[in-house]
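Attaching a single structure in structure tokens format; questions to follow.
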Amino acid sequence: MDEIAVDETGQADLADPVLVEGLPGVGHVGKLAAEHLVDEYDDDTTLVRRVHSEHLPPKVTVEDGLAGLSSAEFHAIETEGRDLLVLTADHQAQSNEGHYRLADGFLDVAEEFGAEEVYALGGVPTGELIEDYDVIGAAPGEATVERLEDAGVEFRENEPAGGIVGVSGLLLGLGDRRGMETACLMGETSGYLVDPKSAQAVLEALEELLSVELDYSDLQDRAEEMEEVINRIREMEDQQSSMELPGDDDLRYFG
Amino acid sequence: MDEIAVDETGQADLADPVLVEGLPGVGHVGKLAAEHLVDEYDDDTTLVRRVHSEHLPPKVTVEDGLAGLSSAEFHAIETEGRDLLVLTADHQAQSNEGHYRLADGFLDVAEEFGAEEVYALGGVPTGELIEDYDVIGAAPGEATVERLEDAGVEFRENEPAGGIVGVSGLLLGLGDRRGMETACLMGETSGYLVDPKSAQAVLEALEELLSVELDYSDLQDRAEEMEEVINRIREMEDQQSSMELPGDDDLRYFG
Amino acid sequence: MDEIAVDETGQADLADPVLVEGLPGVGHVGKLAAEHLVDEYDDDTTLVRRVHSEHLPPKVTVEDGLAGLSSAEFHAIETEGRDLLVLTADHQAQSNEGHYRLADGFLDVAEEFGAEEVYALGGVPTGELIEDYDVIGAAPGEATVERLEDAGVEFRENEPAGGIVGVSGLLLGLGDRRGMETACLMGETSGYLVDPKSAQAVLEALEELLSVELDYSDLQDRAEEMEEVINRIREMEDQQSSMELPGDDDLRYFG
Amino acid sequence: MDEIAVDETGQADLADPVLVEGLPGVGHVGKLAAEHLVDEYDDDTTLVRRVHSEHLPPKVTVEDGLAGLSSAEFHAIETEGRDLLVLTADHQAQSNEGHYRLADGFLDVAEEFGAEEVYALGGVPTGELIEDYDVIGAAPGEATVERLEDAGVEFRENEPAGGIVGVSGLLLGLGDRRGMETACLMGETSGYLVDPKSAQAVLEALEELLSVELDYSDLQDRAEEMEEVINRIREMEDQQSSMELPGDDDLRYFG
């Protein structure tokens, strides 16, 4: 197998598409958002490329007995607005060099489809439960920063403090070197739990940027499931603390 | 030395052989099973290839003063049923990339011998002592799943939960990409001890699939040795617990 | 992207320039010193090369929303004395091989600009607060050692005890193999704090070697800020210890 | 720099030489023995090759201010018996693959000098102080085993239990694949201390195999220094234990 093997699984003729990436990361925000796009445009989505690589985990995942080799997937989506090329995966690269080489391989596929614009989606951890989900941006180009600010994306002096690590960060940096317009949209999230609400916030920012309209009932269902999980934890905490101390609503440890 | 060096150690003319792999892993189930095949068909077995690689441990093993460089071995076996190409080794690859490259190299050898079918053997840990040894399957192709189900192999919704890691998993995934029919047969095993009974269960599943008939007295001898080890541990536990509490037969910690 | 990608960001025609390297390390001495050179000669400095590599961290740093891919920078500086090619970066290489390959790539750039002389700047940890900042030298060539001794640089029997690790060390070793004259100048520093005074000591040694004259008010401002930090720590210690024991001025833990 | 860079530092015309390797390892036995050969034949020794590689540590060592890039050295020695090519170094390789590639590179140099025989020297840890220093052997070829047994080298069923790891082991395995006659000579040693006596035992076995005669006064001086270290430790132990318990001479912890 080549270091990065791109299998053609379908065909699509996209017009000036935008690459949208959502890999696993903080609060699974990027992954949830990207998968929501694929689910919402189910009928207009074609799985066009499956990427295998020695930089992905050396394993097959098994679902109902069916074994699938570690991979990343490109989905071509024709929307009422901009055409999309959505990149999803269950894995990040497994090494420093792997991150660079995979990101480069992903950009090759994007260029093959004519994409000149890249949105990397992710979460930025705040360490506390979020009430209003702001979306933080980062981009290599000042013009992009201004355009995103007009769409309500926030840019902050020192966030994210540690930079953007992994494939998302490299799509920005390496895409920019290729002359693409790249940006990262990061939903605020506690960092402790899978966060469908943060994914929705990120997608709402994308709606304006891509002239698409999305329905969020599925993400809201998942958000309600998460609420129930949080409530159960809260109750357990209350019970425990009522045995020791007067109960409080402090959710510090989970948000 | 090449990254993967394949030394020819013998010749064999196999008809439509099946690759059977058993490397070290959970309960040493795969390794025990593969080595049992080699031992049982001793007179009809030829060591045909020895593979060295920088992805194997950088060492020689020493037995009675004789030093042998880390390697994996291919054994050609002519049986009363399907011809076999059995892959054994004392080591797994030492890195993520190494797993991919070794698995690819192993498949090259399999193709050289005309193998178009692959069975990766292994164990799946249950965390408790096993009474009835089920064999769990995983395969990339639905037709293979059905064929194995007919042979009594079980396919479960979420097992193995973490997928199949290492060379075994990659033989399935990378073999499938080459158009081979691949499957993994995993014997249930506690995960705490070398488990010859689990190896026998896996081989019994193979018997039907490969139209071979095996004698298990050697594996049963090893199973009895293991039983004695377990009993000694049990006795030590009983003695210890009788000093503190009434003795019980709970073997929780060992099975 | 190539393993090491050198982007041309500007042009400069330097006469017999000296490569001066200051990457992050002990007390950030080398980095502070190299950046001070760039700041002081602001008007005569051109950013001539930006180097990206898979051996640098797989990330973008974000400042005010602007994302920048991990990089190292070459600055061409025309001074009243020797022309300089100053190498700065926010990162070291991420692996053993990466150190070798980056150092080799950096030397390629240096040779492109005609540099035949290399000064790697850094700090050597003493484990205690420094009063008089000596500068310790190391060089592969005995003639270089003598020349540096004449400039007041000290050479000691067993320092630095662990050798010089990373890009700085390799610029000495690999540069020497290319026939360049290379040396490392290491300011003594406690090893516990960022140390602008140690950076000044290193630059003062460079002044004579390069026939340049530097103003140190900026570094002295930063040194005063560090002094305040140390004083605050000292006060906190005094307060704590006065609650337990008579106060003392021992700064052992911070210097 | 190439992955493995071999610098010619001198010339020698050896007749059917033997490669003798002594890198750092258990008790520094191999390194002490190899360096003793170089020191004893000082006048008849030429440093013929210096090997640098990205698989060695990324650093320069500094002695009296002189910086030297990580390296391994080949010394050509003309003796009254067999000619020798002695390989010494201060480092092992830094990765699994590095061990393989360095060992392969070292064998290339050995072949360049016409060596068809290899002795890798080392120590085998016993966990207790040694009275009679046996030398344990390991070799890929049975004829070699017999020849070494005749010279008093011992071959044991399960020693060394973990095999021989690193460059020494690979010189045996990879050299054997090239058709060289290879063997490892391992002096028994406690494993806790640098052990010149074990090095002497290994060299005494080599004397017969190579028809050379060595003087051991230097190694004996170093052994006496080590004895003094052990005695000081023993005294400290006695003093400590006399404060708690009747003193004993048990040196368990150091041998």
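All chains are identified by letter, namely A, B, C and D, in their written order; residue positions are counted from 1 within each chain.
Keep in mind that, in the parts below, a residue touches a chain if its C-beta (ideal position, glycine included) is under 8 Å from a C-beta of that chain, and two chains touch if they have at least 3 such contacts.
In this text the structure is predicted, and so the values were computed from the model without any measurement.
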item	value
Where subunit A and subunit B overlap in contact partners, by chain label	none
Cα-superposition angle relating the copies subunit C and subunit B, to nearest 5°	180
Most distant chain from subunit D by Cα centroid	A
Interchain centroid distance [CA atoms averaged], subunit A/subunit D, Å	54
Chain centre separation in whole Å, for subunit D relative to subunit C (CA means)	38
For subunit A, residues contacting two or more additional chains	none
Complete list of chain pairs which touch one another	A-B, A-C, B-D, C-D
Interface residues, subunit C side, partner subunit D - complex	93, 96-97, 99-101, 103-104, 137-140, 142, 145, 155-160, 162-166, 169-170, 172-174, 176-177, 184
In the complex with subunit A, residue positions of subunit C that touch it	1, 5, 7, 52, 54-55, 57-70, 94-95, 98
